[in-house]
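Each of the next two complexes has chain A plus one other chain: chain B in the first, chain C in the second.
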Partner chain A sequence: MSVWSGRRRALTVLLFLLPTIIAVLIFNIYPTILNIYTSFTTRNKYKPNPDCSVALSGVLDPLCWPVFRDTAPVGLGEPYRIADPPFKNYTDLLGKLFAPPALISLGKMLVCLVPLIIANAVNKRFAKEVTPPLASGWVWLMAIISVVILGFVLDFFAALATLMETGDFLVVVLRTVMFVAIRVPLTFLVGLILALILNSQHLPGRTFFRVVLFIPWGASAVAILIALVWQFFFRDQGVINQLLLAVFNYKGPVWLNSPVWATVVIVLADIWFSYPFFMVSILGALQSVPNELYEAADVDGASPWQQLMGITLPLIRPAIVPALVLTSITAFQMFGTAFAITAGGPQLGADKPGATEYVMVYAYRQIYQVSNYGRATAFAVLIFIMLFLATLYSLRITKITKGAR
Partner chain B sequence: MSRKPSVWMRILQYAVLIGFAIFAFYPVWFAILASGRLGDRLYTLNLAGMFFPTEWTFENYRVMLFERPFLTWLTNSLKVAVAATIFSLIISTSAAFALSRFRFRGREAFLILLLALSTFPGLLSLVAIAQLLTAVGLYGKHLGLILAYTTGTLVFCTWNLKGYFDTIPIDLEEAAMLDGCGPVEAFTLIALPLARPALAVTAILAFMGSWGDFVFAGVLVPAPDSLKLAVPALYSLANSISVPWGYFAAGAVIVVLPTLMVYLALQRYFESGLTVGGVKG
Partner chain C sequence: MSKKLFPVISILLIVAFALAACTPKPTEVKNVTITIWHQWDGKYLEAIQQAFADYTAAHPNVTIDLSKPEDVANALNVAIPAGEGPDIIGWANDKIGEQALKGNIVALNDYGITQDFLTSTYEPAGVNGVVWSGKIWALPESQEGIALIYNKAIVTDEYLPTDPMNFDDLYAKAEKFQEDTGNVLVCNQAFGGSDAYHMSPIFFGFGVPSYIDETGKANLNTPEAIAAAEWLLKFKDVSLAENSYDICFAALKEGKVGMWWTGPWAVAGIEESGIDYGILPFGRPFVGIKTLMMTKNAVDRGNQDVVIDIMKYFTGAEVQKKLSLINKTIPAATEALLDPEVQALPAVAGFGAALNLGVPMSPSPYSSAQWDPVGKATQAIWQGAATPADAMAAAQTAAEEAVAQMK
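Take a look at the complex of A and B:
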C-alpha cells in the first residue's frame, strides 16, 4: 500500500499497534522486571510490603508509586529488604551446585552421555556415504552399551543422588525432565498408532472413532476438573481398587501414596489429555503421503513394518518434529494434571519437594501455599532462562516464525 | 495403504480403536455416572454401576443449583471470560491487521517477541501481577482477573488473526484505497467483515482459555464465595471431606459437557492446523 506514506503512515501503524504494545508492556514486560527484582529480596508472607525509601523498591514496586501510595494496603510486619547476600534466594535453590562434589558429579553424568553424541556424529557422517560400513542401529546399540558400562564405572546413580542433594531447583527440574522423557514418547506412540489405524481406508465407523478419540482434547480445556476424576479413580477406595477387589479379590495399593505409582498415574492421565493432539497432527501429515509410494513398495515386496520405517515416518517427519518440540515444552509446563491428582505429593520429607512436584506445581506451591515470594520469583527467573533457551531452539526447529515474514 | 488388510489385521485394528475409545470416554462417562448417584453410594459401587447408570437421581444437581452458590460461580466465570474475550479481540484485531498488512521496521521482531512471550507460563509472573493488581486496588476483584486474562489470551489472538488476515487477498483493500478509503476504513469496512469466521473461532478459543483457568482465578480472586469462579470453586469442593463427591461431579458435568460440545464442533478447525500460535498438547 503505497497510497499514503511518510509520517502519517508511521502514525497509523503505531495507532493500530498501540493497545497491544501497552498491554504487553504492563502485563508482560513490567511484571518480568518486577519479578527479577523481587527475586533478590526477602519478600514473603510476613514481609509483603516494600520499604519505599530503598531506591529500587521506590521505582519498581507499584505499591510505592505516588498514585497508589494512599490506597496501598499498609502491612503489619516489617517491609521486605534486599536479601543478604543478594543472591540468597538463588543459592537456596541451587544450593551446593557450584561446590566441587556437585560439579564432579555433573561432569561424570555428562561423560556418561558422550557415547550418544559420538554415535549421532558418526551416523551423520555415515549417512552421507552410499554404503555405510555400519548400520545406524548398530552404532546406536554400541553407544547405548557404552553408556551403560560408563554408567556403572562412574556410578551414575550416585552422581545423580549427589546432584539431587544440591537444592530444590535441580531436583524439581530433573524430575520434570524425566516426566517429559517418559510422557512425550509414549504419547507420540499412542497418537501414531491411532492415526495409522484411522488413516486406513475402508474403515467402517471411522468418523465415530475420530469424534470419540478427540474428546480428551476438549477436556483439556478444563483439565483440572477431569484430572480430579482421575484422582478419584486411584483413591484408596477408588474405582481401580474396587475393580481389583471385585474381579481379582485383590487389595490394591494406596496408589497416590507411593512415589512410583503416583508418577505412573500422572503420566497415564497426562497421556489421556495430550494424545489427541499427536493423533490429529499425524493424521494431518499422513494425508500428504502419496499412495503410489505404498503401491510401489508393495510391488517390491516391502513388509508393512518396512513401509512404516522407510516411507511413512520419514515423510511425516517435517510435520511431526515441531509437534514433538512444542509438546515437550508444554509437558515441561504441565500443571493441572499433577496438581489435581497429587498436589505434588507424596511427601518425601519436611522442606523437600514431593515426589511429583514438577516445575509448575513447585512454583505454585511456593507462591500460594508457602508464600515465599522471594524464592518463588527466583525459581521463576531460573525457569524463565531455561524456557527462553528452549523457545529459541524450538523457534528454529519448528520454523513457526516463517509466519512473521 | 490401499490394499485391503487381512481379517486378523482388521480385528486387531478394531480392538485397539475400541480399547482407546473406552479409555478416552470413560473418565467423562464416570463423571456423568457419579453425578447421578448419591454421595454415600459412591464408595460402595457394584461392578455394573461403574459402567452403567444402575441408579439415577437429580439430587446432586438440585443441591448444586439451588442450595450452593454454583450458579453464582458459573455467572462469574461467564462474565469474566466473556469480558476478557471481548477486550482481547478488540485489542488484537487491530494489531493483527497492522502486522498482516503493513511492512514496517521491527515488525518481524515484534511478532517473534509476542510468540516468545506466549510460551512463558503466566504462573511464573503471578507474584508480580498480583502485586500490581494490589497496588491498583483490583486484587480480589473481577476486573483485575479480566485484565490478566485479556493479556494472557492477547498473543494467541493476535497470531491467529494475523494468520487469517494473511490469507485474505489484499486486492479489495487496495481497490478501496484507490477510491480514497483510508487504512482505518479499509480495516473496519473490508477486512473485519471478511474475517468474521476467524474472529468467531478465535473468540471461542480465547474464551475457553479463560473459562478453564484455575491458577489465576484461584490466586487473584481467592474469596469470598460470591466472587469465586466455577473452576477453582469446584476444585475446593472436590477436595473438602465434608462435601459429597457427587456434588462436585454434578458441577463438573455442567461445566465440562458444554466445553466438550464446543471442541467437538471445532474439530475440523483443529485438524486443519490453523491455530498457529496456540498449539497445545
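Take a look at the complex of A and C:
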C-alpha cells in the first residue's frame, strides 16, 4: 500500500471536487455576486449597458466578456454606474424605516408582542414542574388579553399604518406574510379534515375519493391556466355572480376590484391547489399510527376529539412540521395564481404596490414591466436576507436537518 | 503510357486548372434567412404572411422567418448580445427611444434611407413617428388610433354624440341609452384596467397635451388631467364594472353594449361576426405608428441590404394597399393611403378622422415612463381606491421619478 504524499492527496481530492466546485461557482456564487453588484448600480431600462472600463462591471457583466464584447449593443444611452449614494436602491425600498417615527412605531409593535414571549417562557418553566401552578391555556389567555390591552393603549394599528408608509418593501413583505399566515393554516385544516375522512375504514370507495381529491395537485402544474378558470368564476359577469343572481336574485360584488375580496379569491384558489399536498402527507403519516392506541383510548373512554388531540396530532407531528415549513416557503413565493387572477391588482395608486402584489409579483413587475434592475436586485437581496434568517430559525424549530451531517 | 507524355499532361492539367480559376464564376446567389419578430396576430397575420410569401417567391434566395416571441423586450436583451436576435423587429414607434438607448436597433441613415425618401413616401405622422434625436430609426408601416365602433342595429342616431370633443354629451347619451335599453353604451378595456393607451382619447380630449412630453415633463396633475379623471369616475356609473378586450368584443356581439372604444385591429373580427358597424371618432387618441426596425444583429450578419429591401417592400404603397383592403389598416405610405379603393373603406375613413384629431405617440424614450403611472392611477380611480386628484398627483410623482431615473 503506497502512502500518499500530502500534496498529491490534496490534488486528487481537489480534482474530484472540482466539477462540483465549478458548478457551484457558476450557478450559485456568480449569479449571487452579480445580483448584489447590480443592486448597488443605477441599472434600469434607460441605462441598460455596462461601462466596461469600470473594474467590477468589466469582470461581472457578461456584456463585457470577450465572447460578447464585440456583439454587445452600444446604444445612445449612458452606461449604468454605481448609484449615488451606493445604498440608494436600498433606501428607496426601505424608505423611512430607519427614521424616528417608523422606529418608534416598530418599537410599539414589538412591545405589544412582549406578553406572548413572557407567556412562552413561563409555560416552559411550569412544564418542568410536577404540578404547574397555572394551566398553560390560562397563561396564554392572559398573554393574549395583555396583548389586546397593550394594542389599544399603544395604538397598534396606527403604528402599523406608519410602518406601511415607509416604502414598498415593508408593504409587500407584510402583505405576503399575511397571505402566508391565512393560507397555510387553512390549507392544513382542509388537508387534515380530508385526510381523516379518507383514512376512515368505513368510507366506501376510498380509492376513488383519494384519486379525485388529489386532482388539484396535478392541476397545480399548470397553475396559471387553472387560475384563469378561478378568475373566470369571480369576474363581474362570472359564474359566481350569475349563480348569485339566478338563485338568490342578488347582484354580487365586482370581486376582483376590491382589495379584500381579491385577496380572498387568491387564497381560495391557492388552497384548492395546495390542500392535496397536506392531505397526502397527513394520510401517509396516519398509516403509521398504531391502531392499538385508539383501541386503548376507546377503552379509557376518550372522545374522538381527545383522540385527535392526544394521539393523532402528536404522532403525525414529525411528518406535518416539515410539510408546514415547505408550504410556507412556497406560499411566500406565490406568483402564478396571484399573477393570473389579478396581476397584482387591484391597483391602489401609482405610487403604491397593488393590493395583491406579493413579493414575487412585485419582483416580476420591477424586472419585466418597469425594467428597474437596480431596485429589483436590491429587493432580492433584502428578501434573501430575510428568508435566510427565517429558514435558519425554522431549521432550529423543526430540526429537519438533524442527523444529516 | 509513355513517360514522355507525363510532362505534357501535367502542363495541360496546370493550364486547365489555371484557366478554370480565371474564368469568371457564375454569380453565386447567397441564401439568406431573415428573421422578423413581430406583434401581428390572428386574422391580421394571414394577409401579412402572404405579403412576405410574395416577396420570397420573387427572391428565391431569401427565406423569411416570422415569429412572435412572448416578451419581445426581454427576449431582445438576451438575444441581441448573443447574436441570436432577429434582423427586423415589427413594433410600435414608442419603443424606438428605449431600443436606441440600448443599442438593439440601428439608425437607418447609414444604410441609404434619407429624410427626403421618408417625407416623399410616407405620411407626416409616420415620418415624425420614426425620427428621434435627428436620426431615422424605422420605416412606418401603418398608423393606428382608437375610435368608437358602434353597432348600427342598436345605436341609433339619437345616441351618437355629435361633437367628438363633447364629453358631457357622451355621458348624457350613455345615460339615456342605459335608461332606454337597460344596456351600456360604451365599452373600453381601459375602464377598470391598467391601460394608459386606451385612456388617451379621454385625457387628451380634455386638453392634456401629452402624458409626458419630449423634454420629459409630465402633465398628469394638471387641471385638465384631473377633469378627465373626474369624468372617468362619473362615466363608471353608465359602464360595465369590468372591461377587457374579450369582454367588450363579446358584449358588442351579444348586443349588451352599443359601442366599443377600440382600434383597427378589432375590425376584422367584428366584420367576421357579421355586425353592421359604424366608426365614430371621439376624443383625441394616441396615434401610434407600427414600424419595422432593423437590429444590430442584421448589420453584424451582413444582411443590411436585404433587410432594407424587405422593409421598403413591406412598408411600400403596393403591399400596404393590399393589406389595407384586407386588414382595414391605415397605411403610412402616402400613395397607398390616397388610393381611391383604400379611401373608400369605411374603416379607413372612420379611423382616419380619429387620427386627424389624435396626438402622435412620441418615439422618445420618455414615452416608456408614461404607461405604468397613468394605468395604475386610472385603475385606482375606477376601483375607488383613490380620488381623481390624489391618484393623478401620485401618478405625476411616479412619472417624474421614472423620468429622473433616465437623467
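Simple rule for what comes next: the second predicted complex is superposed on the first by the 367 of 405 C-alpha atoms of A that agree within 3 Å, B and C clash if a C-alpha of one lies under 4 Å from a C-alpha of the other, contacts with A are read in each partner's own complex, and residues count from 1 in each chain.
The rule is simple: a residue touches a chain if its C-beta (ideal position, glycine included) is under 8 Å from a C-beta of that chain, and two chains touch if they have at least 3 such contacts.
The shown structure was predicted, so the numbers you read here are calculated from the model rather than taken from an experiment.
**Student:** Assess the superposed three-chain arrangement around chain A: do chain B and chain C clash, or do they fit?
**Tutor:** Clash: chain B and chain C overlap once superposed on chain A.
**Student:** Let me test your reading of the model: by the given contact rule, A:L256 touches which partner, first (chain B), second (chain C), both or neither?
**Tutor:** A:L256 sits against chain C, while chain B stays out of touch.
**Student:** By the touch definition at the top of the document, which applies to A:T42: first (chain B), second (chain C), both, or neither?
**Tutor:** second
**Student:** Once the shared chain is lined up, is A:G310 touching chain B (first), chain C (second), both, or neither of them?
**Tutor:** After superposing on A, A:G310 lies clear of both chain B and chain C.
**Student:** Counting only touches as set out at the top, which of chain B and chain C does A:A363 meet: first, second, both, neither?
**Tutor:** first
**Student:** Is A:F209 in contact with chain B, with chain C, with both, or with neither (first, second, both, neither)?
**Tutor:** After superposing on A, A:F209 lies in contact with chain B but is clear of chain C.
**Student:** With both complexes overlaid on chain A, does A:N291 touch chain B (first), chain C (second), both or neither?
**Tutor:** A:N291: touches chain B, not chain C.
**Student:** With both structures fitted on chain A, tell me whether chain B or chain C touches more of chain A's residues.
**Tutor:** Of chain B and chain C, the partner in contact with more residues of chain A is B.
**Student:** Would you sort A:G349 into first (chain B), second (chain C), both or neither based on which partner it touches?
**Tutor:** second
**Student:** Which partner chains sit in contact with A:L63 here, chain B, chain C, both or neither? Use first/second/both/neither.
**Tutor:** both
**Student:** Identify the partner contact of A:L34: answer first if only chain B is touched, second if only chain C is, both if each is, neither if none is.
**Tutor:** first
**Student:** Shared contact residues on chain A for chain B and chain C?
**Tutor:** 62-63, 68, 71-73, 237, 368
**Student:** Name, in rising order, each residue of chain A that touches chain C in their complex.
**Tutor:** 42, 44-49, 62-63, 68, 71-77, 235-237, 254, 256-259, 343, 345-352, 354-355, 368-372
**Student:** Report the residues of chain B in contact with chain A in the complex, numbered from low to high.
**Tutor:** On the chain B side, the touching residues are 1-5, 13, 16-17, 20-21, 23-25, 27-28, 30-31, 34, 43, 45-47, 50, 90-92, 94-95, 97-99, 101-102, 104, 107-108, 110-117, 119-121, 123-129, 131-132, 134-137, 147-148, 150-151, 154-155, 158-159, 162-163, 166, 170, 173-174, 177-178, 182-184, 187, 208-209, 211-212, 214-215, 218-219, 231, 234-235, 238-239, 245, 248-249, 252, 255-256, 259-260, 262-264, 267, 270-273, 276-277, 279-281.
**Student:** Can you list the chain A residues touching chain B in their complex?
**Tutor:** 1, 3-4, 9-10, 12-13, 16-17, 19-20, 23-24, 26-28, 30-32, 34-35, 38, 61-63, 65, 68, 71-73, 187, 190, 193-194, 197-203, 209-226, 228-230, 232-233, 237, 239, 242-243, 246-247, 272, 274, 276-278, 280-281, 283-284, 291, 294-295, 298, 304, 307, 323, 326-327, 329-331, 333, 335-336, 339-340, 360, 363-364, 367-368, 373, 376-377, 380, 383-384, 387-388, 391-392, 394-395, 400-401, 403-405
**Student:** Which residues of chain C touch chain A in the complex?
**Tutor:** Residue positions touching the partner: 71, 73-74, 77, 80-83, 98-104, 133, 192, 194, 240-242, 247, 296-297, 300, 365, 368, 372-377, 379-380, 382-383, 385-386, 390-391, 394-395, 397-399, 402, 405-406.
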